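The two complexes that follow have chain A in common; it is paired with chain B in the first and with chain C in the second.
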Partner chain A sequence: MAVAGTASQLTARSRRGVFGFGWNRLWLLVVPMTLFFIVFFVLPVLSMFALSLDKPAAGTVAAKGDFALTNFIRFFSQPLYYESIFRTVAISIASSVIAAVLGYPLAYLIAKTEHPGRNTFLMILVLASMQLDGVIRLYGLMVLLGDNGLINGSLIRWHVIGSPLPLMYNVFGVIVGDVQITLPFMVLSLIGVIRSIHPSLEEAARSLGASPGQTFRRVILPLSMPGILAGMLLVFALASSSYVVAALMGGWKVWVLPVHIFQQVSNGGHWQFGAAIATILFVVNISAIFVYQAVAARTSGGRI
Partner chain B sequence: MAVVELVGLTKAYNGHVAVSEVNLKIASGEFFSLLGPSGCGKSTTLRMVAGFVAPDDGRIFIDGDDIVDRPPEKRDVGIVFQNYAIFPHMNVADNIAFGLRMRKVDKTEIKLRVGEALQQVGLAGYERRFQKELSGGEQQRVALARVLVTRPRILLLDEPLSALDKNLREEMKYWIKDLQKSLGITTIYVTHDQGEALTMSDRIGVMNKSRVVRVGTPTEIYERPGDLFVTTFIGESNLLDGTVRLSTADSIRLALGDGSEVSAPPRKGLIAGQRVKLVIRPENILLDGAPIDGLAGLPAVVEAKIYQGALIRYRLSAAGQSIVAEVQNQIGHTQYDPGSRITAHWHPERTEVLPVE
Partner chain C sequence: MSDAARLSWPIKIGAAMALIVLLLPVVIVVLAGLNAGDYLTFPPQGLSLRWVIAFIQSETFFDAYLFSLELAAITMVISTIIGTMASVYLARTRFGGAKAMRGLFMSPIVLPGIVLGIALYVFYVSTDIGLARTFTGLLIGHVLVTCPFVIATVTASLVGFDPSLEEAARSLGAGPLQAFRLVTLKIISPAVSAGSIFAFIISFGQFDLSLYLGAQNLTGLPYAMYISLRYKFEPTAAAAGIFAIVLVVLSMVLSSRLINLRKLVARA
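Up next, the complex of A and B:
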């Protein structure tokens, strides 16, 4: 009886949570965050949607509510604009695939490193690369990839090539920049998933006759899919909306959606048209989530 | 059906010896248990046989083939893990078919053999289920079916019952033993549970501190432990301090604490004056009001009586030492209250004399 009493008291206490709230009052904890989110995310996004449906009026920032589809019609009737959707999506998909392929081995190594010191060292390497500002990291890349950069400079000096290779101010450069910026996110999202695959699954597969390659293909890779997909979604979102990478590495020659937005708003003061392109970018990224959900459901077998 | 032979198997991790000089010969169709406390090296030994750990030294033979340099997938050794290791992204049928697919077995035959295997473990109709939809006992059956369907030369079981609750554990103990017997597959079973080892095994190898200290049938291990560690690790024992008075080929005379002398079965290598332990299991002590002819006996005082239902447990003081006795609570059995002066008897052949290290 005494034991049962203690047990039920314990459950009651844990149900009340650490702050002593009941479930019915636990939602109070998220009020500050919700307010912040409404004021600084929901309202701006909604006003952006509204602005995108206004008639173009150079220099006007506030939504007036004079409804017109002019901005969207303009976007979808000119290849210069609508082709940048495909360019954005293609660059983002390429970046997420490359980040997954490059990041997986490192994530696997970190996940399987049991020695605490070595593990911490590898984690610090990954996290340290994230601590440096993106712009600084991109300037580093420019020093490497520019026409007079380290790579081209050396190759020309050694007479391997006569004129510089086009390593930046093109799609290649933007992808390199995107992968470089997003790789740590990919690695972090993979480490947890790979670590959660129990080593005995690998051993069971081997013992049942699978070579190391077959074990990877049939067991480790399918079980890593949730992490790979989550990482790819993250990279896609970061790459598709990055203005800085496209501007610095693409040098205003790679017209992706964020570059259009910046140009419309910053150079021409065309807030309405800029808002329309931003809305389209938003829709593209939301669609990526649906694709992710569909693929995740398919690759998870019957686990969901 | 295969004979397994381990020769001088040795493994150290960073200078810490995990397994040292293990020599075992396991007969075809035998159920052999490696029993020992955690960290004794039994799991490492099993993992060396499976091929997950490379020994520093020694050989592993299956039917005379030295497999020590082969990777796990080339050993034809089936292993069931403590956590069953069911592939969570495959259904039961695909789990069981995994080993057959790796062996490039024909599709129609895979289907047939998977069905047979499920039948064998009593899980027909479970083909489309996933790991999440299986209880612990069902997962274990799937793990066994997945291994047995490939017809491995030997079966390795790594503490397969420890994750189950008590009732299921009892049931699975007999089920696994029956299955093993009907298949006649040579089996190495790793456990820290003496009850499992005694119930299931044909023979047991008791391990302690990286070494196999005793090999024998369950009866031999329990009744003639022959080793102080084995005596205390398996079952309960009274260890009475004594000194050898006389050691002959037929018997030993021992002096216990207060000068009383008893006889015990002979043991080689003991000399007069040597300090030894006299080992008596609590259930082998008979209590009576007066001495009985033909039995060894010591005058004793009852210090405590603990009623345990089927058993009554007494704590006695005899020869200046504390002795535990367990008596079946049968009808007509005389119970003794604390303070009673009685005689504690035992059959000398049910005792052992072991030297103190």
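Up next, the complex of A and C:
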């Protein structure tokens, strides 16, 4: 970032120096995007916050501005609702830890693969699995994990088990789904960091007598921490807010925040309460960013 | 010595496990769509195109597929144009708030899609601007969630750009816009193309927004599959999935020809 910033500053300066004009109207380029984001991003998010502070009125979508904390009081006074915060956070933390452990070796392999063809092939696999519609991937997972699915069906047919294992429509299924969906994001955020660790550091540790395991634990892993943490934050944000994973893999039995939001809005028309839960989900994710920054500052010793 | 040989076996086993987690569900969808039987068993009962044919004849899935393609194409054009313009600004400006602006433009990646969908719907209804449950309303949501991918791809290519090339064009008599068009745009055009492919694919697979911004005649493939998956595993849906998988893989192969995919993960 620092290098990029300096480079672009130099660019702007030299441009002005050489031509004296020309790029003064550079800001015009960012006007469409800025207007678009203010009108269709900032204002909508603000109107949702406003709606969450309205008195409940079933069926009414528009924000009216009759200020009341009713929705939030209702949320935090009933275990059915407030417990779903802990459930959401626990599932998301579990997913981000599993994704980090699972994603690290693949990211390491891709970062150390110099052969251009092989590297591109692996990158295509990761990027394609990131960009493929999540619902399609969940279809595959559900066929694999369902009661009559490939795993249970085969095990029953081979008389290994008598009744199907509960692999889906529970918390386990949701975590598996979240890990599957978010793993490419974790891998991508790790590759850049691992590649930026200079190979000579590894060689120095080895030549000073460290075993490969020690080198990994004492040198590579600490230097990878920024990428691991950034990836975990991304996985947390994606897992905590995924409605479709919780709905399909949890089968409406795992009540996380996005399922509550959908339930309130789509089945009851309780837009104000739904907006309040959406606001709470938003706050949970913002808090995750603060936790990330605190942990990142500590692990990097102030290097970030 | 090949680079793979230098890596220890725990890394290789771990990487293989991650690849299995990533790819197994995709392989299962392909098998389920090409399976001869009514449902997928292991081992499969044999290959057949019956579900692929059923998909092409299916009003639900085929129409949804075409709708997703159309929406993704329009989204791609808009996001690419405004995203590229903003990227050029962000890469060149000296304005101190540019970092915050970039953060704002990138934030749809982490803002929950379900929250953004509700926020936009509430905004449309509250302001009564006639966008609720319309094509334009849905399109706006798709542009929001795809812009970050265009910006990330295009700014990555501008970071290593040598400004003296454009200055050379200027000193040879090109006007500022001409120099930009003939030099800078030419050089960053592979990244712009790759960014537009990303925008297309992200829009094509976008599900969360459709929950609140979609409507009866505004149903894309992800939503149609979600509705069907709630009740049963239709092999027709898996056949539709195959067409989406082919689309994504072809797009990624094309992007890899246009840009060095490694640049995308370079630490910004």
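Observations on the structure shown:
The rule is simple: the second predicted complex is superposed on the first by the 273 of 304 C-alpha atoms of A that agree within 3 Å, B and C clash if a C-alpha of one lies under 4 Å from a C-alpha of the other, contacts with A are read in each partner's own complex, and residues count from 1 in each chain.
One rule holds for everything that comes next: contacts are C-beta pairs under 8 Å (C-beta built on N, C-alpha and C of every residue); 3 or more make two chains touch, one makes a residue touch a chain.
In this text the structure is predicted, and so the values were computed from the model without any measurement.
Once the two complexes are laid over each other on the shared chain, residue contacts for A:Y139 go to chain C alone; chain B is not touched. In the superposed pair of complexes, A:L150 makes contact with chain C only, with no contact to chain B.
Once chain A of one complex is fitted onto chain A of the other, the partner contacts of A:F290 are absent, as it touches neither chain B nor chain C. After overlaying the two complexes on the shared chain, residue contacts for A:W158 are found with neither chain B nor chain C. For chain A, the partner that touches more of its residues is C, with chain B and chain C as the two candidates. When the two complexes are overlaid on their common chain A, residue A:L208 makes contact with chain B while staying clear of chain C.
Interface residues of chain A facing chain C in the complex, by the touch rule stated above, are 1, 4-5, 7-15, 18-19, 22-23, 26-27, 29-30, 32-34, 36-37, 40-45, 47-48, 51, 61-63, 102-106, 108-109, 112-115, 118-120, 123-129, 131-144, 146, 148, 150, 153-154, 179-180, 183-184, 187-189, 191-193, 195-196, 212, 234, 237-238, 240-244, 247-248, 258, 261-262, 265-266, 271, 274-275, 278, 281-282, 285.
Of all residues in chain A, those touching chain B in their complex are 198, 200-201, 203-211, 214, 218-219, 222-223, 300-303.
Only residues 2-4, 6-8, 10-15, 17-19, 21-29, 32, 39-42, 81-83, 85-86, 88-95, 99, 101, 104-105, 107-108, 110-116, 118-123, 125-128, 140, 143-144, 147, 159, 163, 167, 170-171, 176, 198, 201-202, 204-205, 207-208, 211-212, 221-222, 225-226, 229-230, 233, 237-238, 241, 244-245, 248-249, 251-253, 255-256, 261-262, 264-268 of chain C touch chain A when the two sit together in their complex. Per the touch definition, chain B reaches chain A in the complex via residues 50-52, 71-73, 75, 77-79, 81-83, 85, 87-91, 98-99, 102-103, 128, 130, 132, 143, 146-147, 150.
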